[in-house]
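In the two complexes that follow, chain A is the common piece, with chain B as its partner first and chain C second.
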Partner chain A sequence: MTVPTLLQIRTDAALDKEENGLPRVELAPDFREFRDAGSVAEMVRRTQEVLADPTFPTARAWRDGGGKAVGCFPVYTPQELVHALGLLPVALQGGGENLEISRADASLGSFLCSISKSTLEMALTGLLDPFDAFVFPYICDVSRNLDGIFSRILPDRPSHMLHLPQNFASESTVRFLVAEYRSLLKKLEKVAGRSLRAADLAASLALFGEQRLLAGQLAALKRERPWDVSLVESYLLLRLGGLLPREVHVPLLRRALDELRGRNQKAKDAVRVVLVGPFCEQPTLELLQLIEDVGCYVVGEELQMLHRWYPRVEPGGDPLESLAAAYVRAPVDIGVRSTPTTKAAAILARVREGDAQGVIFLTAKFCEPALEDVVLYRRALEAKGIPYLHLEFEEKSTTYEQARLQLETFVESILFD
Partner chain B sequence: MGTPTPSSATPSAAFLRDARALQRKLVEEYYAGLDPARTPRRPVAYMLVGGNLAEIVRSFGYEVVFPEIVALTCAIKHQSLDNILHAESLGYGLDVCGYVKSDLGLQDRGGETSFGRIPRPDLLVCSFSGCYVYVKWWEALAESYGAPLFLFDVPYMREESPRKEDIDYLVSQLWEFIRLLEKRTGRSFDMNELKRVLAESRRAEEGWAEFLQAGRLRPSPIEAYFESIFYMFPINVLRGTPEAADFYRVVNEEVRTRVREGILPLPQEKFRVLVEGVPPYTNYRMFWDFFRKWGAVSVVATYPKVGGLFDRGFRHDPSRPLESIAEYSLGAYVNQSWPLRRQIIADYVREYQVDATVIHGIKSCRSFTAGQGDLRDWLIHERGVPTLYIESDHQDPRYFAPAQIKNRMDAFFESLEHHRATAGASPGSPP
Partner chain C sequence: MITAGLDLGAGTVKGALLEDGERILALASRPSRGVPVTSARAVLDELEEGANIAPGEVDYLCTTGFGRYAIPERHLQVSDFTSSARGARFLFPRTRLVVDIGSQATRTMAVSETGKVLKFKMNEKCAAGAGRFVERCSKYLQVPLDEMGPRALESAHPKLISSVCAVLAETEIINNVAEGVPLSDILMGVFLSLAQRAHSLMRYVGIQPEVTLVGGLVRSNGMVKALRDTIGMEVNISADSYYAAALGAAILGHARLRKLRTAPGPSGG
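And then the complex of A and B:
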């Protein structure tokens, strides 16, 4: 296949390479590369550079500026708590395509997803050195168990397993989650060297509220005018939101939205699809681009749910309780939460919301929460005659011929039906 | 090649007598009692083993079905693969939990097994305790049957003692569950009945713990993995009934007889082994023989604790009914964090004078398995315990490679034997 121009970043001679062969990106501690990025093209290019380097350039730059960083495993961490203590919450979303796994297999076991292995590999090989603490939310059994492994292999850096509740009908769930947050705070406060202040938390709620508002606007634009913003662009702009200081990302996202709203590109004869499954481990950029290259418009997806969990949270009388309540009452219905209705209702609502013609299940290899949902989703789609396609991916993919063939067949079957 | 003990020539489990026969009878009676054709039909609740609420449900007159136990019974009787293949034809992928596929395949085929017909559920009680797949599994059952689903959210244990907030959260959910049961059955909650059931549970728990702790004797009169797994049925499925409590009286009487008369799992206990992990039910006897051949007796194991850590002191308490049910729900072995699991294993190694550990990883069970490689590393390098890690599946016979597993176990025990011989130690002493 022809590799799209956008995706040739890994052969870019401008990237330095370390002795271990990994690309090395150095950022200024004030993140001027992103503060000054004047176009979406530049933002996207710089994000690709950052993602090609598995040594977390943004966390390193933050440390160079004297800060401390907390690595947060997907899908949801109350980043506001991390931020309110002056720490940088950084989304840990795997090692990407450039990381070789050599030690993690032996510690974890064979039949596990790429993101768990690459995260552990990075811990075992020093690539997570820029982090002072880690949060592993209970989104699946592997994520939960990683916390216990981290506590042994990185004993000097706190690791916390956050039990996100699954009973959303109980009157005591919010109270329990507040207690969970307090336990997390206890560890983070030690890292930060200070206690949480209500005013700081209120300010963090406002900042993250703004980020979520903009993320929601980007998703709406992608849904309403998918020809004016590509999936790779919207994905990278949001992915950056989990890596940069949010004070840098929010104005960047605002500038990006201004530019994207000003576009007026011609719509193609493409199939509107919802992308379901990649809520934790992330597919390669090549695969994301391929989906739209073959003639799809992605009008709904689960790629960066962290920034779209709930809208703005008002601090109220107890900001901690407000934050917990926002999580519990969020209308998010993806594989890492028990469904408040049924899986059938959830998938059909997503299709309706995007006015989609079909669904692409893009699930990470060995991701059990996603794989089990797919069966129920498929059953509901079949009952309504809605076409779907199921693809599996891993962090490292080198060939896309089979995926291209499947996607092209899927698109043609809808276009010429 | 080392020298296998003469025990390899004897039939498996010849030391098992009255208790095993009684356990078989209890299993048969239980499944016969579930027959949907029986009248009057009692409502059926599906439940999971870890953190289950059997006592409460039974106090409202429900029959309880444990699909995990149905699945493992199918596997040990070599009936799981057809169910798994059927589930795969429904769309469940190769990497989905074997229990889930075995059960959902069986359900979709009408629930007929060689040991009885499994009735449809009237209520689905998901104790989310130690396994996230539980939630997915019960959601699938709810959509298949249209039965109401109660999700009992059990916090993961990261410290030795639960927080007050954890207990408050659990008790609050228990009251909400009781209100649901009252509404569905039209019966009022009877606290005295619950206390009576809990007293029976406690009696069974005392007997079960006594049995497990017999592995501390040297030589051990029990097989703490392969034999204990047979005896998990009453503590997990029948807990709260007089039959379960009486069963362990028979078991412990038999163990005392063994000690008196010198009847042991093997003629010579050469290696005292700790086994961690779920067994390959599809090849249970063969796997057991791989241990027996080398004179390896499991004196302690983690898997029999999936229904609760009774050997470490937990008991249901009729004087604190809901609080003790809340505490119980936290205690499933896989609901313990890895630091707590490591501590339990370190205690077992010391208390049971363990020579070596065998870890059996399950391909499709991330909850139990993810991190067992790290456990192996910790046992070998930080605790000095020789440890073998092998992998197959609990439900899917396609993943059990007999020659490969046997070769690895032979090499492991041969090297232990060699180490002992060169160190001049006598059989039965720690390497």
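And then the complex of A and C:
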């Protein structure tokens, strides 16, 4: 049988395997490969190479340059605090398709999400050696328990469970979060070997503000002209932002936006959809590409929320308090923020904002926060007659025929009267 | 306008030839035998011969089924859900729920008055939830496939299968044979287990009359009875239900061709 093949999204470098069977990418400590990347195509290709290598090439290169790195589990970590101490915050977003899970399966139940297993597998097999500390935001029971497991299996490297507030109405919420940030800082300062300086934090807030501004512009471009930016491109450009030093990523993203804004591609007869659910574990590139290949334009999504949680941190006053306030007041309504009374309005607002014709729930298998919200969202969509489709994914997906069939049916049900 | 619909299924290739999207000119089918492209081309030849038209007279070819991309000369391909829904609505205009039990999968669709898919659900990757399970039962119970339905109808006390996995279900059936359970009761148990799985999918999309059964198992009267008994409702079937997906593909092909002829030009880049 001949089926249309996906674009070649694996690269030669990704297939250049070492003895242990894993692809290996070596980067210069000054990241010149990304500083010099002149086109979006090159940036995307290099990002794919980095993602295919589960040994964290950017963190290794940073260490080669004498730095220390902190692994940050999804969804949100105040990266500004990590950066202000001279540490590199690196997003831990699973092991990808090349990582074989063997040891973690012996410790974790089969009913847990892929990212918990791949993260543990990487810790047990030394793939997280480039990291000096870890942050696990308490987004679900799985992330909480990973923090406990890491504390036991990697006792010489601090692991911190970050409590993020769920009560956004209380006057004490910002104060609570500031206290949590101070608790995190205590551990990070030990790793960095110095205390946090106000001027450093101010500079970090400005740098990350710039990164979020550009990330927001990319999302807006994708929403307004989805034919000029593919989902895979926008996803990879932002995914890179959690791996590279931000001083390298910000100018790269600016160059990418310049090129993307200059595109003028022909729009397809495609269905505009909002993608809901993949805020923690990330779908494979093949699945993301498939969604647009079958005739969808993704005009809103929850991928890489790390860079889009709040638009900017208001300057002035206590910077730690400003950072906490930005998180608390952010208009984010995804599965890891408990706002059950506003879920219906939120999904409808996102559909309106993207002028979307439907919603695709793309949830990681066994992801409780995402699956709980699907129930609330579905009711709201059904009441308004907005079509939706629910697909589940895992990190190591190999066949996409069932997903293709369901996606095609979804598109056809909207296209044909 | 003459449009052809080809349903390249896992077990069989079915074809339909329509005039003006309404009148059936010919229907044909052949086993896929692992080479659905060859079978599809033979079915197309048979359709043209049956309708007494020359090869070039088919204006539009629309494919569906798991091998829908396999025919390079197609004009359009549509998913099995979309085509089965249109075909079921064509055969029974008051259809609101379609159940498609094929060789590889069971699918359910809630449809609008026009046959547009409103909500759909298919079974997970599971051999016990599709027609292939019946084929396997046919082999190890040594009852020819086309005799399974009539034999099942003789059942007085169907022996339900509790296992949700095809391999374990087979073991359960073998145990039933060893315990001397009448063959007809075992066979009806096989159909009822499939019907119960289909019922779960039907509940997801919403059960409302009229219900129309399509797909390979529509030819088994045992399956039809099992489904009717399980859902407690009448289930539409006709002699052409077997070809519903191919008919739906031909209907959608006609709709697309009419649109293209009234508003020529590409619809997008």
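Rule of thumb we're sticking to: the second predicted complex is superposed on the first by the 399 of 417 C-alpha atoms of A that agree within 3 Å, B and C clash if a C-alpha of one lies under 4 Å from a C-alpha of the other, contacts with A are read in each partner's own complex, and residues count from 1 in each chain.
Simple rule for what comes next: contacts are C-beta pairs under 8 Å (C-beta built on N, C-alpha and C of every residue); 3 or more make two chains touch, one makes a residue touch a chain.
Since the structure is predicted, the reported quantities are computational estimates derived from the model, not experimental observations.
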{"item": "Partner chain(s) touched by A:A199 [first = chain B, second = chain C, both, neither]", "value": "neither"}
{"item": "Touching partner for A:A179 - first (chain B), second (chain C), both, neither", "value": "first"}
{"item": "Contacts of A:A220 with chain B and chain C, given as first, second, both or neither", "value": "neither"}
{"item": "Contacts of A:S107 with chain B and chain C, given as first, second, both or neither", "value": "first"}
{"item": "Partner chain in contact with A:K266 - chain B first, chain C second, else both or neither", "value": "second"}
{"item": "Broader residue contact with chain A after superposition on the shared chain, chain B or chain C", "value": "B"}
{"item": "First, second, both or neither for A:Q406, with chain B first and chain C second", "value": "second"}
{"item": "Partner chain(s) touched by A:D417 [first = chain B, second = chain C, both, neither]", "value": "second"}
{"item": "Set intersection of chain A contacts, chain C complex versus chain B complex", "value": "none"}
{"item": "Partner chain A, residues of chain C touching it in the complex", "value": "36-37, 66-67, 69-70, 72, 78-82, 114, 116-118, 120, 122, 125, 252, 255, 267-269"}
{"item": "Interface residues, chain A side, partner chain C - complex", "value": "1-4, 227, 265-270, 387, 401-402, 405-406, 408-409, 412-413, 416-417"}
{"item": "In the complex with chain A, residue positions of chain B that touch it", "value": "90-93, 95-97, 100, 128, 131-133, 135-137, 139-140, 142-143, 151-153, 155-156, 158, 163, 165-166, 168-169, 172-173, 176, 337-339, 341-342, 361, 363-364, 366-367, 369-374, 377-378, 391"}
{"item": "Chain A to chain B touching residues, read off their complex", "value": "105-112, 116, 138-142, 144-149, 151-153, 161, 163, 165-167, 169-173, 175-176, 179-180, 183, 338-339, 342-344, 365-366, 368-369, 371-376, 378-379"}
